[in-house]
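There are two complexes below, and they share chain A, which is joined by chain B in the first and by chain C in the second.
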Partner chain A sequence: MEQILATTLRSAAPLALVALAGVFAFRAGIFHLGLEGLMITGAFVSVAVGDATGSVAVAILAATAVCMALSVLFWLVIEPLRANVIIAGLGLTSIGLGGTAFALAAVYDTRGSIRTDIALPRPVRGVNEGFGVIFSELSLLVWITPLIVFLAWVTLRRSRFGLRLAAVGEYPFAARSVGINPSVMRLKALLIAGALCALGGAELSVGALSSFTENMTAGRGFIAFVAVIFGAWHPIGAALAGLFFGFAEAVGIQSQINISESVPREFVLMIPYVLTIFAVWLGGLRRRRSLEAEAGYAELREPD
Partner chain B sequence: MARWRCPSTRKSEPIDHSVPGERLDESASPREWAVRCEGVSVNFGAVRALHNVCLALEQGRIHALVGQNGAGKTTLARVLAGLQMPDIGEVHILGRPIQGGNVRAAQAAGLAMVHQHFSLPPSFSVAEALELTATKGGGAPIYRRRELERRWLAEVAGSCNVSSLSTRIRDLPVETRQSLEIVRALASDARVLLLDEPTALLTPSATDSLFDRLQILRDTGVTVLVVLHKLREVAAIAETVSVLRDGEMALGPVETATTPQGLISDAIIGEGHYESADVAGQAVATGVGRRTHLLMEEVSSKDSAFERGLKNVNLRIDGGETVGIAGVEGNGQRSLVSAVAGLTRIEGGSIRIGESEAAASSPARRRMLGLRLVPFDRNTEGVSRSASLWLNQSALRLIGRRQGDSPIISTRRYREHARKALERWKVRYESVTQPAGSLSGGNIQRLILSRELSDGTEVLVAAQPTRGLDFAATEFVRRSLGELRSAGAGILLVSSDLDELFELSDRLLVMLGGEVVARFVPPYDRRAVGDAMTGARR
Partner chain C sequence: MTGRLSQAAVTVILVAAAFGVVALIMGISGYSVTEVFSGSLQGAVTAKGAPSSTVRWAIPLFLIALGVTIGFRAGFFNIGGQGQFYVGACSALAVSLGWRTGPGVLVILLGTLAAMASGAVWSFIPGYLRVRFGTDEVLTTLMMSFIGMLVLQYLTAGPMRNPAGSGQTAASERIPDAYRITGSSGVSLTVLLIVGVTAALIWILLERTRFGLRVDLAGRNATMARWQGINVRRVGLASFVLAGALAGLAGAVELYGPAARLVTGFSPTVGFNAVVVALVGLLSVPGVAAAALFFGGLQSAVLFLPIVSDLPPSALVLLHGTVALLVTIRVRAKRRVAAA
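Now for the complex of A and B:
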């Protein structure tokens, strides 16, 4: 039981962080399918730079910088060059997955995985017995994730910046009519999203495992994207959805260990993905309702 | 600033200003012009939206800007508001030059704009929407919701009927949304208020109260420039009027009080006068003698999200006859059109089109039987805005393939056909491959008519066919309906314009709460019809 709680928190933190990234992008009107690519880039860069410099702080900063740079590239493609957002996002994911696998081979001359000695600090190290023992496994990033969620909520829902971002995403004409440049706002949102993806990836590699494995994100970027929709594009909703998917993952991992051989292993591994499909269906139901509510407004809209 | 003249010289003056309309006494204005633009031109690709427009407006008055659909009114308004970058030309607001395409500079100079399509995001609460659009710094970058609502309450109170500032924009009625737009425009201490077709969506009484507000604003020294469609409204509110035609300044500004309306309408229409399409030649006159083209018996349908369903509606339309449907909006007119067109399933009753029972038929089958439809919303129901003109024009022929037609679509033939049809209907377009959404409202309506009135029309359902059109386009549509009727088709005309119904209808039915509550024949008694519409008893 304690084990499931610990695994849930550890699995949920990267999902929640990347889901927040998705929320920032979504608020600006961008369907960000490059989350997976940014996440794995963050995971790889933090291991590689951490290994080279020996400093976990430098590793995180480097991962953030690289992911933000990739986000600028993404922005250049979709805004000034007007490419299709979905295609460009999937391209970004391919760059991340392929690029990290390539870098793994080029730098470490290996396929598969690398280990490193550095790890994120674990704040509650001292506890050795009782209930607290499970928390000693959690990295600093897991602990501050709720704080990041709160900051994201303030930024998106209680700040002028958040209002402008929402206007850009929902109704660009409203933004333009008060002199806001939608393109610049989207760049800002993507930069924030890039940084959040880097943190999510870093938690996955130097936070939980101190290693990097090829394709270690295993679709978590896409699950996080689903969490965005499931969480109704609200930062707290998305974070809770991330927590839910983290729980599903934890159940999958635990039952791999515990459940007898009567249930096939593959079936149990399926659980988080089946739950994802279920979540998409639920999200679709709600979306249909809100679309009907908006139909009355549709005729007033300026075609963009 | 003794006398201001447009620096460019026009070669041909389309209207001689000097005769009946009195030119503004320019020397009498010692102050800066509220709005002044010189030689403004805007091109969208090959389309000329504005050409060498010069305009100077005095402070503290109400000015009107009129013109046909597509004459460039909205483009000019957007140039003034800094939303549209002019290709060449200068804009000054209260004497300050505005760099093209800079909204904030226009705001800083004192101009605020109320857009034709409202500019408040629908999912925002009232307080959030006002905060978003506020230009004066209200407070810290981070706010608390309650504090935000308290701050805006004072601005909204009195001028606008909003129960709570946490109401979402999309839940507000159109009039309230518009008052909010004005509130937000004035919250920035605007000295020049620009309204783009503010009356298009308003009921007559809401229009009156808007005009009252504008007059109060004028009395406090605000300059108002309002883009209008109807000359009646110009006469009611504006002190001066300027006319745009084909992107050029055709007239004005001239004083409304001393300028005859005929002069203004001539300036709007130009020398081309009214255009007319040769409908009679095309509509197939199936109705030899009087044959019933549409028969509805005891038709009932479910309530929709927007209005009441039908209750035991009986309706007969013969060939060569126009039946009008009057009623306050939302009393079942949409349900009626949907039931006839086959867009919703009816619960009981029968619908015959020509000789065939069609109550269970698909919309496509009804089309084959000779039903044609000019829908309520031409932009979303009448055309596919993203599809090309020729596809939109040939949609009916593409659906209803007749025997002997090749299953392979000859793009060239359809395009050629579309080109001819569009020319016959005087649609102004560049190429048949341009998207339908690039046309102006009046031209979209012509495109729809060119498709729906092509051939084999037995009965036409025309829902609000002239709403939002300028009067040349309105005249064109009405004339086309009249010609279709003479050619022997039956017409079901749904309109909220009583004058239009009186002019065109052979019989008039009034709908109230989904029922036909009264039937009239000419000569119509406006008061009796009005009573039936509102359910009033005297």
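Now for the complex of A and C:
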């Protein structure tokens, strides 16, 4: 039982961080399917730089910088060059997955994984008795994730920036009419999203494992995207959805060990996807309305 | 016509740009670009068995991309080809394992039909939700894809697992040779016939029938199409079902052709690559065929390359990603937003 709690928290933190990234993009009207690619990039860069410099702080900073640079590239393609967001996002994911695997082969000459001695600090490491034991394996990032969720909530729901961002996502034409530049707002949202993906990826590699493995995100970026939808693109909702999916992952791992005969693991893993289809279906009308607003804006912008 | 040509020129330039970027990355990483290039040419065209290997990898891409094409032309972003492909292959396997004594032709026919039907069902669910409730199909087709991957994983690790197999990756047992339409090369007259007839049928459907016209009209402007008396919902739903059936067919061809057994997570990116192929092929049947051959050649080259250079296969994933990132820069797939 305690084991499930610890595994849940450890699985949920990266999901929640990347889901927050998705929320920022979603608020700005961007369906961000590149989360997976940014996440694995963050995971790889933090291990690679951490191993080279020996400093976990530098590693996290480098991962953040690289993910933000990729986000600028993504923005360039979808905003000024007006590429399709879905296809470009999936492309970004492939670039992340392929690029990290390629770098693994080119730099480290291996097809499998690399290990590092670098790890995020684990604040409760010393505790050896009672309830504390199960938390001793949790990294600093897991502990501050609730704080980041709170900050994201304040930014999105209580700040001028967040309200402007919502305007851009829901009705860009109105936003523009009061002097907001939707394109610039989207760039800012994508930059924040990039940084959050870097943190999520870093937690996965230097936080939980101190190693990087090819394709180690294993679809978590997409699960996080699902959490955005499932959490009604609200920062706290998305984080809670991330927590729930973390719990599902923990149960999946447990059932693989314990009750694999009665409930196949794959069926447990299907739950989030099935639930999401229901969630999108039932919440569909709202989404459509905002898309129509987007279409109206697009027509105003390009009357062809 | 000139619009079409300039569009093709832009696409070629964008794909070339993607190649340039990846070549630059390879150069910086210390690979000899000329060596990789000549090796790729060998692996895709000139080496012994290379042309048939190119065709072998082009076939699933082509079939799935045809479905993507129909969906995009009708204005829907059906990106669930991967899952439809998987459930199709699983159904085909179920038929051939369930009816072990059946005559070859019948089993293959039945299995192919089952594959197409299950692929169609996998695509019908998001399609119905889309045309009836306006549920976003990008999300639902993506989710159905993940569920399809888990179905494959479950079947190959559980009920259909080869009991004699060891190894870490779960795989089904091999189907008997009597139930196969090609050798392991993946190319035979039967397969080429199946693919050729399918392509011809889809071309006629899109370019020479009322249905094709309706698809294009609905995709371009759903409201106008509705005013002209087109049942946009029915056309949309048909596009989903056709796309699923084509991806399912690709699954059956893969199993009864080169694969002969299913391995957990085989061809993990074929569904996404097919979207890239459809877009590079400018959503026309001949264009998609050319693009499929091109990317099939790349796949074949990557498998051949380790012989001449130690380029990792992930370079191809990187390339596909770069092409996808750039290819829609001008060629925007029509996304109908005013719902049916």
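We adopt the following convention: the second predicted complex is superposed on the first by the 259 of 304 C-alpha atoms of A that agree within 3 Å, B and C clash if a C-alpha of one lies under 4 Å from a C-alpha of the other, contacts with A are read in each partner's own complex, and residues count from 1 in each chain.
We adopt the following convention: contacts are C-beta pairs under 8 Å (C-beta built on N, C-alpha and C of every residue); 3 or more make two chains touch, one makes a residue touch a chain.
For clarity, every value in this text was computed on a predicted model and none was experimentally measured.
**Student:** Once the shared chain is lined up, is A:Ala88 touching chain B (first), chain C (second), both, or neither of them?
**Tutor:** Once the two structures are laid over each other on A, A:Ala88 reaches chain C alone.
**Student:** Thinking of the overlay built on chain A, is A:Ser55 touched by chain B (first), by chain C (second), by both, or by neither?
**Tutor:** neither
**Student:** Who does A:Tyr171 touch here: chain B (first), chain C (second), both, or neither?
**Tutor:** first
**Student:** Counting residues of chain A in contact, which comes out ahead: chain B or chain C?
**Tutor:** More residues of chain A are touched by C.
**Student:** Tell me the contact category for A:Val154 with respect to chain B and chain C: first, second, both or neither.
**Tutor:** Only chain B is touched by A:Val154; chain C is not.
**Student:** Which partner does A:Glu266 reach: the first (chain B), the second (chain C), both, or neither?
**Tutor:** second
**Student:** Per the contact definition in the header, classify A:Gly219: touching chain B only (first), chain C only (second), both, or neither.
**Tutor:** Second partner only.
**Student:** Take the contacts of chain A with chain B and those with chain C, and give the residues found in both.
**Tutor:** 292, 294-295, 298
**Student:** What residues of chain A sit close enough to touch chain C in their complex?
**Tutor:** 31, 33, 37, 73-74, 77, 81-84, 86-88, 90-99, 101-107, 111, 214, 219, 222, 226, 229, 264, 266-267, 269-270, 273-274, 276-277, 280-281, 284-285, 287-288, 291-292, 294-295, 298
**Student:** What residues of chain C sit close enough to touch chain A in their complex?
**Tutor:** 25, 29-31, 77, 79, 125-126, 129, 133-136, 138-140, 142-144, 146-147, 150-151, 153-154, 157-158, 269, 272, 275-276, 279, 312, 314-329, 332-333, 335, 337-339
**Student:** Chain B touches which residues of chain A in the complex?
**Tutor:** Contact set of chain A toward chain B: 154, 158-161, 163-164, 166-167, 170-171, 173-174, 176-179, 292-303.
**Student:** Please output the residues of chain B touching chain A within their complex, sorted ascending.
**Tutor:** 81-83, 102-104, 107, 113, 115, 117-124, 128, 131-133, 135, 141-145, 170, 174, 201, 305-306, 377, 379-380, 385, 437
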